[in-house]
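Shared chain: chain A. Partners: chain B in the first complex, chain C in the second.
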Partner chain A sequence: MQVYIRSSGNISPQHSLEKDLFFAHREMQDGNRWHAVEPEYSRYVDSKMIRRMSRIVRMGVAASKACLDEAEVRMPSGIVTGTAYGCLEDTGIFLRRMIDNQEELLTPTAFIQSTHNTVGAQIALLLKCHGYNNTIVHRGFSFENALMDAMLLLREGMDNVLAGAIDEITEDSHAILSRFGLYIPAIDNPEITAKTHKGSVAGEGASFFLLSSQEIHGARAILRGISTIYKPESLAGVESRIHAFLKESSVLSDGIGLVLSGANGDGDHDEIDNYLSATAFRNKTIVPFKQLCGEYPTASGFALWLAVLLISEQKTPDWLPNVSFPLRNILIHNHYDNNHHALYLISAC
Partner chain B sequence: MDKLMGQLKRQIIERLNLKDLKPEDIGDDQPLFVEGLGLDSIDALELIVLLQQDYHIKLDKAEDGPKVFHSVRTMADYITKHSPAKKAS
Partner chain C sequence: MNPPVFVAGLGVVSAIGLDAAACLHSFETEEAGMADIKILHTRQRGKLPVAEVKLSNEALAELTGLSSGMPRTALLSALAAREALADAGIFNFKDLRAGFISANTVGGMDKTEDFFESFMMNAAAGKLRDVVYHECGSITEIVADHLGINHFISTVSTACSSSANAVFTGARMIRHGLLDLALVGGADALTRFTLNGFNTLMILDKSFCKPFDEHRQGLNLGEGAGYLVLVSEEIMNRLNKSAYCRIAGYSNANDAYHQTASSPGGTGSFLAMKNALENSGLVPGDIDYINLHGTGTNNNDIAEGTAIKLLFDPVYPKMSSTKSFTGHTLGASGGMEAVFSALAIRHGIIYPNLRFETPMKELPFTPVTKFLNHQRVKHVISNSFGFGGNCTSLVFSAS
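So, the complex of A and B:
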């Protein structure tokens, strides 16, 4: 089933909320934790409402507002969000207070805001949207399953669905995940795929899309399909799934003008990226999008936002490699730790 | 009393994350809820915990809440009358 992407909104370690800035300037951050470039939130949310929102909630609310504003839609029929980590900051605050206060005198605010569905709920509260509201928590497939849920709602007849992905990195989560060896201990070059390391760079962000089953004037792109592969048995197995995916979508491999790859420079998991570069993606322009947003379980939300931007604007920033135009189709191949693989096909309207 | 009210204003701002406000923006007799500062029921729970944690005062009767938390002055009055030191004397 294909759906139309009417608009998008994104907050990431790049200036992705402001298109002109994004095209003009690539943000380069030091270290192995890339912070989202956050806007002045009072532009998006009433300052009285902001005070209880943690960073991830603010990011999600602002990205969703930017998305709806772009489509000039005030009320979506449904809201579906995907997050792997949920609201970590408030979870940390709540747990720390439990320990500090010996499980007594606990205030409700941090607890209320610590649940994974807080972002979707806050968006609905602000919009006064009483429609379908669901949050999918499924590790590296959280966003993919949120999108699939949204696509099923559209198939059932809903007009438009706001679908998004949010994940944050906090001091605590970064410290814990660093102990698991997820992040490069000492990074000397933000071009993380230029050489292989042990681990990658922690990223974060919020991506929202307004989806519709009907072609609407001004729609920015077509999402032709999504496919997921969990723990592929072999490298060749992924390659054959890519060919099958394109065939199902009636797009020839030659018709793919750009591949957005989830390669992240992690030597433990990049065998598949190297293999696909030499096989399915041979002779194709490949952009490793995690050089822009870092690694996190819902990073494919950033990739989809980037694909929609490039295909709708029909131009690339000077700092991205040369892409041939007109750009008709973009394939995204993302994987999280080589366990959760996802394919997206995006076409121009 | 003035010192206590100033301290309460700073604590309310910090505890309720009212970043846009300064202590001098909150009037001594300004209602804290609804038409005044615009606080709500979740804030009320935060204020109850503030009393208990920072002043060791437990609100005896829940129905006293609206009167005690009407304004900074009523809070300060309640703290003055119910502080453990005062009770001991």
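So, the complex of A and C:
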């Protein structure tokens, strides 16, 4: 089924919360940990509340508020949130204290804020939204399965469902994931996909969308469909799923004006991306979006935000050339470690 | 009209039994699963009772065929999931669009705790294999890969209502024609993280819990897993067995009151139950049994009780909290209690609410205190309410 994206709100290592800033300037960060560009939160949330919120909750609440404000909708009917890692900062705080203090003299705040549904719950609490509320925590499918849940709600007759995803990097998570070899040890160029590395760059961010089943005036884009592939058996298997996905969506491959690819610069990771650029995406304009947001399990939220922006504005920043207009259809192909593949088809309204 | 969704099989592991038959026996003999801590390595041993599954990780690994180095939650999950599939007579997923939708609250936290002990002393120390399953989704994938399900997999985490949301997600996907079969439920093992976390909230009873009693002192934590095999009508007809029941309806609402506390009026609980009834096409008088969320905390039981009063007054169905047997198993509880609800319909039984003595002064009803046989149990509501105001009610009906 297709749904309408009425609005979006995004916090990422780019200036994605403010369109003008995003078009004007590409943020280039040093090192292999790209921090989200955080806004002046008091523009989105009451200052007293902000102080009590952890960083991931602030990012989630601000991105969701920006999304609702853009559509001028005060109250969504339902809220679905995806997160692979959940509230790592508070989890780490409670875990460290528990070990340091040998399970004595602990306080509840960090534990309370550590549960995976904290962001979704805080959004509901601030809005006083008693509607449907769910949190999906499935690694590289966290955002996709949250979107799918939202699309089912729309099919069941609900309108204005807020769906999004969020993940944060912390000192601990970056240190641990670095030991798994996920990140380029010494990085000389933020164009991470320009050459092949061992590892990629850590990213983080919050992406929220307001979805509707009806075409509402001012809707920004149409989400024609999403599809996921778990642990594909072969490169060719992914290629044939892409053809099947486009066929189901009744869009010819020729009609795809842009592919946003999840290549992240890691040689092993990008094997499939290189294969696809020579097969399914041959002669297509391909933009690897992770050179803007870094790698994290819900990075596809950033890709969808970027797709919605390009297709609704019908223009691209000067620093992101090679995208041609008019642009009717964008295909996103993301994958996380070749285990979780996701396809999205976005069309102009 | 919504296409029906049938419960074709079930599996459960808890402190009162390693499978459904053993749990039923404990219910009948009124043997609770709480005891002093024997398996979890914690300094809270001897101070707090918990409801542990009385098997080591090595023994669970032997039963499931998984490695004993896996997080305990994955071992519990695999045991109950395998029972559910065998019970349904599903031995492969050929020609089936099968989904595995599972819930948990802290993923492989038991292993992460071990890792952090070393990692905190030296950032280059700690075995990476202990932290590789930290994510909640990893638990689901260990078990999905073990069972051979890959068409659709997902993990839900909404604190104590997690697996109830997993159950209805599968039911909805079948209703929408997206899946033929959904293995749904959840698992959670006890960890030091959760035990100490709940302890800081001062809602753990130092004795065995007394849900819905005027003098209740809090909850006991437990561990376990519970799964249902949900199928479409077409698959049910193919299975050559009778269904336990149907999933008649469900609802998810948010209390939007406080991160951990329920609103005194039980707004979220009321909305979840009321909307689940509407979704089922039933009225309050149709319900024969409520499997209460009934944690035994002061706050939950008054909020849930007030919501029940508002919805059902003046005629109340029979009700009880099976957490008086299993403890509160957090992300597993909705799945386990869905299993108990289906068994109540199949066998015409009502479970006792152990240790209930004094009615709550605010409520005009009391839970069932003895195991009851030969009951008319056609429609059951199962409640699961959690932190973050996440409230879910499921309705099961005789098929």
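Convention: the second predicted complex is superposed on the first by the 349 of 349 C-alpha atoms of A that agree within 3 Å, B and C clash if a C-alpha of one lies under 4 Å from a C-alpha of the other, contacts with A are read in each partner's own complex, and residues count from 1 in each chain.
We adopt the following convention: a residue touches a chain if its C-beta (ideal position, glycine included) is under 8 Å from a C-beta of that chain, and two chains touch if they have at least 3 such contacts.
What you see is a predicted model; the values in this text were computed from it and never measured.
Once the two complexes are overlaid on the shared chain, A:Val323 sits clear of chain B and of chain C alike. Of the two partner chains placed around the shared chain by superposition, chain B is the only one that A:Lys48 touches, whereas chain C remains out of contact.
In the superposed pair of complexes, A:Cys349 makes contact with neither chain B nor chain C. Looking at the shared chain after the overlay, A:Arg179 reaches chain C, while chain B stays out of its contact range.
Ranked by how many residues of chain A each touches, chain B and chain C are led by C.
In the superposition on chain A, A:Ser142 makes contact with chain C only, while chain B stays out of contact range. Once chain A of one complex is fitted onto chain A of the other, the partner contacts of A:Asp100 are limited to chain C, with no touch recorded for chain B. By the touch criterion defined above, A:Ile112 reaches both chain B and chain C. Shared interface residues of chain A, touching chain B in one complex and chain C in the other, are 106-108, 112. Residue ranges of chain A in contact with chain C, taken from their complex: 79, 84-86, 91, 94-96, 98-100, 102-104, 106-108, 111-118, 120-122, 124-125, 127-139, 141-142, 145, 149, 152, 155-156, 172, 175-176, 179-180, 228, 230-231. Against chain B, the residues of chain A that register as touching in their complex are 47-48, 51-52, 101, 105-109, 112.
The touching residues of chain C, counted against chain A in their complex, run 42-44, 105, 112-113, 116-117, 119-120, 123-124, 128, 131-132, 134-138, 140-141, 144-145, 150-159, 165, 169, 172-173, 176, 192-193, 196-197, 199-201, 252-260, 267-268, 271, 386-390. If you check the complex, the residues on chain B that touch chain A are 16-20, 38, 42, 45-46, 49, 52-53.
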